[in-house]
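Please see the structure below; I have some questions.
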Amino acid sequence: MKKVVTFGEILLRLSTERHLRFSQAESYKATYGGGEFNVAVSLANYGLSAEFITRLPNNELGTCALKEMRKLNVGCQNVVFGGDRLGIYFLETGASTRASNVIYDRANSSMGTINKGTINWKEILKEATWFHWSGITPALSESAGAACFEAIKAAHELGITISTDLNYRSKLWQYGKQPKEVMPEMLQYSNLILGDIDTAYFMLGVDKVNPDYQNEASLPVLYDKLFDLCPALKTAVTTLRYSVSASHQRIGGVLYDGKTIFNADVKEVTPVVDRVGSGDAFMGGLIYGLCEEPLNKQRALNFAVAACCLKHTIAGDYNLITIEEIEKLLDGDFSGKVSR
Amino acid sequence: MKKVVTFGEILLRLSTERHLRFSQAESYKATYGGGEFNVAVSLANYGLSAEFITRLPNNELGTCALKEMRKLNVGCQNVVFGGDRLGIYFLETGASTRASNVIYDRANSSMGTINKGTINWKEILKEATWFHWSGITPALSESAGAACFEAIKAAHELGITISTDLNYRSKLWQYGKQPKEVMPEMLQYSNLILGDIDTAYFMLGVDKVNPDYQNEASLPVLYDKLFDLCPALKTAVTTLRYSVSASHQRIGGVLYDGKTIFNADVKEVTPVVDRVGSGDAFMGGLIYGLCEEPLNKQRALNFAVAACCLKHTIAGDYNLITIEEIEKLLDGDFSGKVSR
Amino acid sequence: MKKVVTFGEILLRLSTERHLRFSQAESYKATYGGGEFNVAVSLANYGLSAEFITRLPNNELGTCALKEMRKLNVGCQNVVFGGDRLGIYFLETGASTRASNVIYDRANSSMGTINKGTINWKEILKEATWFHWSGITPALSESAGAACFEAIKAAHELGITISTDLNYRSKLWQYGKQPKEVMPEMLQYSNLILGDIDTAYFMLGVDKVNPDYQNEASLPVLYDKLFDLCPALKTAVTTLRYSVSASHQRIGGVLYDGKTIFNADVKEVTPVVDRVGSGDAFMGGLIYGLCEEPLNKQRALNFAVAACCLKHTIAGDYNLITIEEIEKLLDGDFSGKVSR
Amino acid sequence: MKKVVTFGEILLRLSTERHLRFSQAESYKATYGGGEFNVAVSLANYGLSAEFITRLPNNELGTCALKEMRKLNVGCQNVVFGGDRLGIYFLETGASTRASNVIYDRANSSMGTINKGTINWKEILKEATWFHWSGITPALSESAGAACFEAIKAAHELGITISTDLNYRSKLWQYGKQPKEVMPEMLQYSNLILGDIDTAYFMLGVDKVNPDYQNEASLPVLYDKLFDLCPALKTAVTTLRYSVSASHQRIGGVLYDGKTIFNADVKEVTPVVDRVGSGDAFMGGLIYGLCEEPLNKQRALNFAVAACCLKHTIAGDYNLITIEEIEKLLDGDFSGKVSR
Amino acid sequence: MKKVVTFGEILLRLSTERHLRFSQAESYKATYGGGEFNVAVSLANYGLSAEFITRLPNNELGTCALKEMRKLNVGCQNVVFGGDRLGIYFLETGASTRASNVIYDRANSSMGTINKGTINWKEILKEATWFHWSGITPALSESAGAACFEAIKAAHELGITISTDLNYRSKLWQYGKQPKEVMPEMLQYSNLILGDIDTAYFMLGVDKVNPDYQNEASLPVLYDKLFDLCPALKTAVTTLRYSVSASHQRIGGVLYDGKTIFNADVKEVTPVVDRVGSGDAFMGGLIYGLCEEPLNKQRALNFAVAACCLKHTIAGDYNLITIEEIEKLLDGDFSGKVSR
Amino acid sequence: MKKVVTFGEILLRLSTERHLRFSQAESYKATYGGGEFNVAVSLANYGLSAEFITRLPNNELGTCALKEMRKLNVGCQNVVFGGDRLGIYFLETGASTRASNVIYDRANSSMGTINKGTINWKEILKEATWFHWSGITPALSESAGAACFEAIKAAHELGITISTDLNYRSKLWQYGKQPKEVMPEMLQYSNLILGDIDTAYFMLGVDKVNPDYQNEASLPVLYDKLFDLCPALKTAVTTLRYSVSASHQRIGGVLYDGKTIFNADVKEVTPVVDRVGSGDAFMGGLIYGLCEEPLNKQRALNFAVAACCLKHTIAGDYNLITIEEIEKLLDGDFSGKVSR
């Protein structure tokens, strides 16, 4: 069986209910999530072997996060314990014209204070076929970035496929370095990059180009530049999101393999139950698709777009959609009829 | 006053909240519902005398169901007690592109194990003017089907109007018989049938015809065949549902009286609060309309469509809409302005 | 700093959750609101000094209302205590084709039984630059109307700007007088009136004219008549609401200053989280705009429309939107992207 | 079957949860209760025919109260509609050393504004064997007291047993009359009075005597005076409550039939789930006991004490305890073992 | 590491909140539990390797139960899927003088319809050092009893320690056999039996003896008889429960090893948060103690009593108490001081 | 009016409900509290002028804390904004034999990173008559301790009464200093110290003495040593807590003024609703008593004990008890009778 290892931070997510503002919240729903963990959950749900590596505090909240991994069948045998606290994020869910709002409270978390040398990557990755990381980890702290780079190099040495979600978060990157000082080196080893073209350019220290995703013909040149800057790159993917409002999204996607542009039909999502983690759901769907049928890129892209689309209907960070539900959507059944 | 008797199963409905998946549910909302019960609730709300006949277990859950009937002013003096358990269904409410999902846990329920001879139909129906049953009861078990047939024959002998909702449920019919082995005989006595034409054909053992409900002129021939197969049939009605998504429905309806096709304007419903029981709300509106003004079929159909439409805004199985609210909708007021 | 004083009733609002009907409610969310209080909250949120004058019962519920004012930074040092009870309103929130419903239970409230002479208006208003009242207070009782008229005259003598929201409520006005018997005298002093043209005509005892708000050219004549009837009037404003359904609104606005018609772009709101208080949010935005840049009427109107629009996404009576969020909307960003 | 009719007010009860203070309440649990209604519920639960007479407002809250009656199998066919509002009471549940607190908001309720002549008592009471009223009704308003007196006289004329719970509420009696001006006349017809001796003396305008309920021998003289003042009196009953704290009660009872003092063992209740309505549970148990075995006064008293005791474990106003549970307690089984 | 395997049914537990009666329940808390599963959870919490064997339906509810096992680190790799439904039990939690109440709805569950031959016991038990079963499994159905007997024999052949909790449930044993027809043969292989002496006598078909647990000297004779009847028996243990009320328990225990009576101090528990599963917590503590220090029976008994005692403070079926908390109690610290 | 200023940290408190363990929590109740803030709330409730000084992050959570202060009428005009985060603590509420558990997540909070020079103490304290601080602030960080010391010196220079709650928290003091290195200097200026004698000895670097609070005669010598070490000390107070269990406390108190030992009767609290903040409630009651009647130390002590006792019945950190409720308790009324 294919085994995918992801590396990153899992956070306690404290979200207000019923679209309440923070100042109206009398309680917070407590769930767990984080970009790379969310990807692992998707893969475990689809039946792949998925393992998540992180660092947790040695207290009850760390244990809660561990129980969540176990519950979701995500491998956690190599999670390390140490540091002072579990990272937290507070989420206020918007609606209609009002955007959702995130307050990060993750500074000095156990994962943010991880150092290289903490994880035995050689051992962990030896059974793996795929390694996934995202731009969030180097955004946490210099040492977390270094720990991630260590993993990347180990994966590269073992010849494992490496995927990266650029995941730019303007509220992170607070430790004194800019993405372009850190990311170019790390992205050298990525075989698959998910992100907007402009985000990639920004992280690689290149000028903005304002891509027109509607104009397919114009895209190869823009992607090719990424291929030039990232020598290991074989696949570049962009999620297309047309935000009508916080409650209404249109989701599509573009995949480029250095030769061909693949496109997926745009799908409507309204209302949006929870938008957070929809990019991770896309990534999870994409990795699954490429693991199952590596040569069928159109199928992988379609699967990723449908997974992303359906994620918007699931409360919480990670995607709890089944392969059957995704395939029903791919077959064109949007009716939402009660199954009974 | 007109008195309508309905016969069927009432279930404990355990539904997740806030569009949560089953695997996210930490609690279930507990309400009660069931096709034929829901029809009786509608009628009681509109001021008719409505009685519901079923079989309940002699435990606290059976008592809860009885209290629900009383609360809603549905006659329950002839409910019988016996058997082992109250049927249950678990409901996960979808949103947008994700469909709702039902898990039936109703096998071996008190109603599923009812036998003919249990209910004194002659006595119960003697004051009644209308008897309603649905395709769910014969789908439960052979003995429940037999008990239902007994009621039908009693109603027929007393000259009472008999209505039937075909209500095909693919997750039922588990006891070894197919609808076409059971339903044709039972439908002989129906004066009014609610259902898709193809469902009716399927239940009567006839080949699929893929009706085009937009093409009014094509419908009489298709309905006429039902009239041929069901000699007592005087009215055939179909709810038209155009499912844009789990959260967006368009509702219309067609009524045929053997001569004329009546059509109701399609109405938009978005967002959908709860779709379950909307067919029963249609049936309840239709029976009410036909009881109040038997000759005004257009009015009855319009009333049924509006009731169905408004039901989608009510949480739970049954319709709690007032006549005034339906009439406001029929008068074209969709504004949803706060009444104050 | 500009100081705005508003006068009216604050109510305990008991609302059902999740679109439940009253008959389904097992609990009520308890919040506080009321037209003139809501305006004060908006202004306090925008950083103005806002004070609210009312009369509260001397019991724990009165204290709860007072705590709410304090929490929201609305001045409450001149609130008076007396009378028997806090007014209540019950709210059932509709959805889609079903309208929301309000049951007022505010008769004989402490505010409803206030008499003139209770409030020392000279003292309270001496630092104020703006006084706001609405048509709800004279709708409560004759004595509340008299107390309000007393405030109006005091404000007028002090040369303070007086604004009025017509706020017609058909379920009030139960004490034997019609608006046209009370309002014309009170509106003599209003410098700004917010309301539909026909509502204003009705309250001033003039015949209905069915204004066509799409036809801008036709409006000055209609507004001019209001200017004739209300000699102090300098600005007349109307919120335009196109109700697609209880869950979908289109919001615009018109402002007339006796010379020019100003118009604001219509904005979509779907889904609606809570429609109550959206008019007060409009009023709060308008007063804020006119206080900040008195000559920029277009800006004030745009601000009011955006505030009203965003209020629909906030649960509860009053608007908890920031200036930054309003300006983001005015800048055309409807994307609702998660801020992180 | 014995039929008991009770007359009084049913209130919407809005209670805070989890021992929260009013100022902490973000929501209120909505249930329904009221002394005489609670007695009717107990009787219906024990299988007697119980009917409740009251006056409800013609709005959704009145309908909710009616649905509650139906649900609990309390006869409501003679409830009248009229007046402006449903009475409300707010409840804050204490714990340990902190007492519970009630805010009545029932002035001008539909029941409080009832007049004599509204109810057709002759018709209603003709099938009844027992009529129950309490000191709350004459405490509401002069007209409610008059309506109650009318019922009493009708019951007396029909020779029906009349029971009265003195139920003194210091926060009521606000309309200008003292109990001693109203109650003596009404108590002339009572065959059974439940209350403290001093409360009875107070209501009958007699001086306080500080009864020592531990000293059985001293009681007949004190009760005899009540028998002298109330010529129809045959049974006087007192609930003994030793309040250790808001969470810990000791419950006993004394019954005197003019000859013999009957005593019931004191029972411990800790913790108290809900103390409200425990007196009504006592009354309900007593009436049931005396209806079932009129001559077995000891049994009736024991049943009443056990019912009262168990009521403290039930949330809400009325008692939902079964005869079997009461008998288990009477048999000395306090173990609270899980029944499985 | 020691590995313990337990075999039995896991149920969906639907419990009312806040001591509500079934008829008051608007929602049910959904958790999972079952005697033998609860034991496995305790052991996993204490750090042993614990595996649970059961049969689950192949639907979302079965998956939920599986996720619960994973979350709690209970081995579930050998759980089998099949059959129609997950067993359910409804729980109403009593208080004070009112007992809790259970409604079992587990007939025809996947586990109840298991047959022998379904589980590969040889393979599963080959790494195990301990096998645990209880009297609930043979109470479900004849085939479940046969499947359990098969496991017992396999464990016996492999020389694994076998423990049994007698767990008599009067509401089970509905399939036509009495315990004494089934249990004696199964108990032949038990090395450790937990249960009341009289329950053991009853299950073994021997007359009741009314043991006096306070009289230690009298116990060996009574236990010896069990040793005679169960040739493999080495340890007999009884939990002593003195039920002051549903909210107040006193917990002790007795262990007999064929030679010596060991006794544990009685501990007070008040209030009781949740009594269900406290026997399983005792069993879990006992197995843990005997696995860790097989010869220190006093320590194992003390540990079991403390674990049982602390379980009463945990909501849900299984015990989430840490070894540190148990040891704190064993050290005599009952203060409940906040740890901070 | 007396004005009291307190200085310290306000935390977001995230507590599990219904005695759930952290690992069972699906949501957290969000309230706000902190030792010195809690004292200010008590004083504001009793009608004194109370102001709280702290440092808050400039985000929505900081604003929430500010709104809480305003709501409770605690002066917050001099709160400063800065730093990165609001401190958090997670609370799991125990029951019976299980202790409550706190996880502090307050490192690097805005208050923990405050520096001296941030607050203009001269200005703030010039109207004050009392300044209160606790041992928590110097436990947070060296700079917070320095900021506190600065305040102490300013208060001392202004001749204001200084009170200190020793409040030892073993989970704090993580920055490398021990209490005895920091506290002796700070306590030089305290006029009133609240704490256990041994805690005071420990903080002052003196050996443990195991005081016997039952033996009044032995106490003066022990307290006198504190007076020797703290030259400004005039009053030493100790809360006596006899913990029967997490749910049952016995509360008393001792006050020594250098001459006389005052003692308060021990009061029972069972069940405990919330124990956190009960020491702050004691402190608040004591300051209030001493402000109102400086010479009546017995009264102040009694008031403090009763306030502490009643706090245990209030959910959340701070005390919402009225003077009337405290006086009722002091008058010996523990009955908890419903006030109605």
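Think of it as A, B, C, D, E and F in the order they're written, each chain with its own count starting at 1.
To be clear about the criterion, contacts are C-beta pairs under 8 Å (C-beta built on N, C-alpha and C of every residue); 3 or more make two chains touch, one makes a residue touch a chain.
By chain, with names taken from UniProt: A, B, C, D, E, F = Sugar kinase.
Predicted model only: the values in this text are computed from it and were never measured.
For the pair chain E (Sugar kinase) and chain F (Sugar kinase), chains touching both partners: A, D. Of all residue numbers seen at the chain A (Sugar kinase)-chain B (Sugar kinase) contact, under half occur in both copies; the interface is built from largely non-matching residues. With respect to chain C (Sugar kinase), maximal separation of chain centres occurs for E (centres as means of Cα atoms).
Across the two interfaces under comparison, C-D and A-C, the one joined by more C-beta contacts turns out to be A-C.
With centres computed as the average of Cα coordinates, no chain lies farther from chain B (Sugar kinase) than F. Of the chain pairs A-E, D-F or C-D, the one whose interface repeats that of E-F, sharing more than half of its contact pairs by residue number, is D-F.
Centre-to-centre separation between chain D (Sugar kinase) and chain E (Sugar kinase), using Cα means, comes to 45 Å. Counting only residues that touch two or more partner chains, chain E (Sugar kinase) has 21, 23, 26, 67, 101, 271.
Listed by chain label, the pairs that touch are A-B, A-C, A-E, A-F, B-C, B-D, B-E, C-D, C-F, D-E, D-F, E-F.
Contact residues of chain D (Sugar kinase) toward chain C (Sugar kinase) in the complex are 14, 21-23, 25-30, 59-61, 63-64, 67, 84-85, 88, 90, 92, 101, 103, 105, 107-108. Residues 17, 267-273, 309-310, 312-316, 320-321, 325, 328-329, 334-340 of chain F (Sugar kinase) are the ones that touch chain D (Sugar kinase) when the two sit in their complex. Of all residues in chain C (Sugar kinase), only 18-21, 23-24, 89, 94-102, 104, 169-171, 243-248, 271, 275-276 touch chain B (Sugar kinase) in the complex they form.
The touching residues of chain E (Sugar kinase), when paired with chain A (Sugar kinase) in their complex, are 67-68, 70-73.
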